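Once you scroll down, you'll see the structures, which are given as structure tokens.
In what comes next, subunit A is part of two complexes: it sits with subunit B in the first one and with subunit C in the second one.
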Partner chain A sequence: MAIGVAFLLGAVILYVAGADPIVAYYWLFHGAFSEVSFSETLVRATPLLFISLGLAVTFTARVWNIGAEGQFYIGATFAAILGLYLKDAPHPFGLIILLLASVAGGVAWAFLPAILRAYYGINEIITTLMFNYIAIYTVSYLLHNPFREPASMFPETTTLPEQLWMPIVIPGTRLHAGILLAFISIPFLYFVLRKTAFGMKIEILGSSRRTAEYAGIDAARLIIQSMLISGMFAGLAGGIEVLGIQHKMRLEISPSISPYGYTAIAVTLLGYLNPILVAATSIFLGGVINGSMTMHRMANVPVGMAGIFQALIIIFIMVGYYLEDKFANKLLERLNLW
Partner chain B sequence: MVTELISGAIYSSITLLTPLLLVGLAELLVERSGILNLNVEGSMLIGAFTAFMVAYYTQDLGIATLSAALAGVIMCMLFSILTVSLSLDQMVTGLAMNILTIGITSYLYRASFGWYVSPIPPHIKETIKPIGIPVLSEIPFIGDILFKHMPHTYVAVILAFMAWWVLFKTDWGLRIRAIGEDPQVADYLGINVNSTRYILLFIEGVVVGIAGSLLSIAYYNMFLDNMTQGRGYIAIALVILARWNPLLLLAGSFLFSLIDAIQLRIMALGLTAFPSQLSLMLPYLVTIIILLVAGRKAKGPAALAKPFKKTR
Partner chain C sequence: MAVDSADFTVKVGEVHALLGENGAGKTTLMKIMSGCLRPSSGTIYVDGKRVEFKTPADAMQHGIGMLHQQFTLIPTMTVLENIKLGLIGQRSKIGNLSEEIDRLFRILRLNVDLESTVDTLSVGEKQKVEILRIMLRKARILIFDEPTSAICGPDIDNFLQILRELSSNGYGVVFITHKIREATKVSDRITVMRKGKVVSTLKKEEIIDERMLLEMMLGECFQPELVKEKPRKNKLPLLTVMNLMVKNDQGVIKVNNASFEVYRGEILGLIGVEGSGQKELVEAITGLRKPVSGSITFYCNSSVKPGYIPEERFEMGVAQSLSVMKNAVLRDFECKEFMGRYGRLNFVRIEEFARRIVQLMGVKTPNLRIPVKYLSGGNIQKLIVGRELVRKSELLIAEQPTAGLDARSSYFVRKMLVDLALNGIGILLVSSDIDEVLEVSDRIAVIRDGKIVKIFNKDEAEPKKIGMYMLAAEVSQPSQ
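Our next item is the complex of A and B:
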């Protein structure tokens, strides 16, 4: 229903702009969920999925890490730059080292805001946001100066040799092993959040820091841990995007109209912080992003439309949640019983 | 020479502080009532966009400013319908609306000027100019620094004092603060929580829209995609730095803009040893340092960003 309203409103905007909404929508869906394009939708969904899984952990603790975008950039850059020095590393080892490097990058970038929040009570929304800008300018410096590929017109690093790439899962598509890693992470995170002492502590911390402290939980440590976990996933998402898709670091690695790091925040919250719902939401939004690119190419609709669509869908899904509050509550209860 | 450098830096920092102070003040009042509006970023952007478009087609900066205010109000009213009336999550709504605004503005910009943005983007001929206050601007040194600014700057500074007075010296301010601390109790006491929040968000729309318009019709004479570049977020950081106090916000935004002005001067010198990216990231770095020094244990309104549903 909610999505229907979003599309109806989108049709009006398309019509006003002089495009034929029916043609445009045909390409949107064709580009998102048809047989040929579904693999590409999963490719789009992979970074969203990783980032939002990590965010589900911090958000459960009510720690608002908005810095996934920066952590993603730094993770991606770590992998792309270290890869230049590991050109001769044999196949699986080089790849594994680079993935670990991207994790380290994400964790490093989440570290300072985590410490500031945990020990000094400094609002993490603002620090992580500022860190996003700092990350992007740092990466921009690295790509313009020391690590620029001289033969390229754009600020980007040299393409990595093929033995460092993520293996392709389905031949003929860009679908790489990253999606398998993502699918493994979903049940893993579900288990961690719902079935372990750590997940329980995080939930208590999320409901009230004071309660957590009465219960003998080291809140500061837990805040740092949860931030680092989401940094880890965001960094890994960056590394996987570089090694699986781009094979080099570019400044536009995250689509400027719908940056992965910010879109993932919405994905996480729309998925009720539940890894399974989060996965479904990221695949759906991956489809919308991918479909609107096709719509842009085939129906001559400008790229800004992708952003409008996503935002409309997010807003209307939220309104839908409100209208279907009772239904949503029942759903939540059932999920908690699992 | 040295005095000229100092007065130049102070002058441009006062110019730069105007949008930050305006946005910060509006957001401060709204946050005092328990609403965290991350969409100030988007409202600024739509203000900048609307002002530019109207100025481009009418050549009238007054009408441009008014329409920027209107655009800001529309954004903030949409935000309040979603968060105040429907009690949706304020952070998600704010972030989603920011994505929406970036999409809408860059889409409409291309829809009016063509799909390709040329190296020389469309621009307007006239921008908002500083005006000197009679008599006061004649005072040597001080007059040049303090009394030759855009009208917005004077208004912003006066608003800072007014906001402080309203917040701490009037009944209405007391009510705003009560709502921000505990909307449930405020509701029992007969304060209309939602309508107060609506009024504050309406004011925020006007102020933030106009603050955004400064970017495209005063500092620059053109519109660029996502040209606010996180200024709305910086304003929110400054509100925390100021501990939700309008007068501290005035001081804080001046300090911040001073550093920004010095940074711009360094960049203008064109030192090659000093990468431009470092210059560009300086405001964000400074925001972090400011929070580190002054933001420790800053306690905001207790009910900030918590959805409130009236229980019957």
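Our next item is the complex of A and C:
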């Protein structure tokens, strides 16, 4: 329903922008979910999925980590740069070490905002957002200067040797082992959040800090833990993107019209913080990202249009959720549960 | 349906109490009368003329004003500014504002500086300013929604006195309450409501005893009997508080050199005017606030956290978005009993435990998986109280455990407190309800300005004496 409205309004805007909406939508779907492009959709969905799964934990605790983008960049950079020094490491070990390095990068980048929030009550939305700028410009410096591949026209690192790459799962596509890891993470996180005492603590903290303290939970510690978990997943997403797709660090590793770290925030909220729904949403949005790129190339839609279109879909789904929620409340009221 | 074909009349010059349990429809009925809600059917007559209210302002035009439970004053503005704020658009109708204010001050026995800011006023004074604002708007019928729930002890008596004063000045007063004692004390007539229907309207002379009203409220015979006498031989302390000093968030000392014990098998009532340091004292005992100095010693099994029924039910007592089931084990889910392997929760046991509490307390909930926020306030309260009563703790701290509960549940909770004490549990009962404290406590500690000023034994405690210790320091203390 909400998606329908988004498409309808999108069509109007596409028309105004001078494109034929039907043709545009054909390419949108073709680029997203046709046989040839679905593997690319999954490739897009992989980093979104990792980041969103981590954010699902943090957001459940009502800690708002907006810094996944920065944590993603740092994780990616850690893997790419350490990879330059591990050129000769044998196959699985080098790869594993690099993945761990990316996790460490993401965790490190989330650490300071986590401490500031947990012990001093300093707003994590602002600090993590600022940390994104610091991360991206620091990485930019590293790519322009000390670690730039001299032979390249662009600011990027030297391509890593093949034994450090993530193995490809389906030959002929770019689908790499990262997607498998992501799919394993879904039930794992679902279990942690919904079935364990740790998950329950996170839920209680998210409900109210005072309730958490009443229940005997060390709220500060839990805030830090939840923040580090999302840093971990964002960092890992960066590492996997480097080792699975790019094989080097580039500044545009996160697409500029829909940066992974920010899009993942929407994915997490659209997925109701539920790992399983989050997975479905990241695949859907991965499709929308790819499809709108195809739409841009094939149907003469400006690239900015694709960005607007993605934003619209997210907004309409959120509004749809709100209406559903309201409707559900009305229903409950009828049943006299109040 | 909240109110079903109810008839209600109020005359000028009378105090008319509207009595009923929580959810009986009292407030809804009065919201209809004051234009806050519109009825699906039925009519309202004022002075014999049929009227229709679309908004509270319409009702005000006809002289009907309602005072809600929450205050609407702006704390940072002065009394006068707040009064004028209520008059925007009507000032022309009032001849001489200051004369009028003076007159109303006398009726209300209000004695505050018009230029002082509202946040410096006591709760009782704020309430009077609220009343004054409505009276200034030429109301003839004043509806009070549970006005005594915000005040306590002697303030309640003062307030009831003012209701009489208002009626003798020609106002019609509707007094919504669920406390029978207050209703009988002050009213000319009492209307009892149950489940949205008016059970009966009685004149003062027709009321035989409180029991009769209680039965009308509950709709059945009900015997509020409490075990009062009990053997208390062992004098083993369970909790000792010594020279405790606690500051609040603003750094003001709220608990000042407090010392007392809670023994096994006793109920120690702690009573005081709101804001006398009860909150900070309890927070210190429960570990939520670090004391500045002094000591708190427990002599009980340390593996179970002391039972604690907090006053802040919704912000603290439950995790709103979590299920009833999970809330039932909010403070114990990490106990062995509820844990499986790998940090996993044992939901079978948790569900069993939750079902027990729900059945014991009669919590109305469609199922155990629904988020707690969809339950009514009273049911949430029952869930919290049930949880803390059933937990196997040797010490229980109960803050206003019956606030917001209907008569039946209140009696039930009090009875359970007494039963627990009989079984050797020590209970610290923090309440601003003198009757409740007197009814169940073995000893009564009075706190004033953060000091424990007196500890009564049950036999020497009387409401009057307690009230004196609660209030003024200037009252010369008898026999000392």
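Here is the rule we go by: the second predicted complex is superposed on the first by the 325 of 338 C-alpha atoms of A that agree within 3 Å, B and C clash if a C-alpha of one lies under 4 Å from a C-alpha of the other, contacts with A are read in each partner's own complex, and residues count from 1 in each chain.
By definition in this document, a contact is a pair of C-beta atoms (placed from the backbone, for glycine too) under 8 Å apart; a residue touches a chain by one contact, two chains touch by 3 or more.
If you're wondering where the values come from, they're calculated on a predicted model, not measured in any experiment.
Legend: residue contacts after superposition of the two complexes on their common chain; A:Phe93 is shown touching neither subunit B nor subunit C.
Contacts of A:Thr196 after superposition on the shared chain: subunit C is touched, whereas subunit B is not. Once the two complexes are laid over each other on the shared chain, residue contacts for A:Tyr15 go to neither subunit B nor subunit C. With both structures placed on the common chain, the touch criterion links A:Phe188 to neither subunit B nor subunit C.
Greater residue coverage of subunit A by touch, when subunit B is weighed against subunit C, goes to B. Of the two partner chains, subunit B is the only one that A:Ala311 touches; subunit C does not reach it. Chain contact summary for the complex, subunit A toward subunit C: residues 191, 195-198, 200, 203-204, 206-208, 210-216, 332, 335, 337-338.
Residues of subunit A touching subunit B in their complex: 17, 64, 66, 116, 120-123, 125-127, 129-131, 133-134, 137-138, 140-141, 144-145, 256-258, 262-263, 265-266, 269-270, 302-312, 314-315, 318-319, 321-322.
Taken together, the subunit B residues at the contact with subunit A in this complex read 38, 82, 86-89, 91-93, 95-100, 102-111, 115, 225-226, 229-230, 233-234, 236-237, 240, 275, 277-278, 280-281, 284-285, 287-288, 291-292, 295-298.
Those residues of subunit C that touch subunit A in the complex are listed here as 286, 288, 305, 308, 310, 312, 315-322, 326, 330-331, 333-334, 339, 342-345, 347, 365-366, 370, 374-376.
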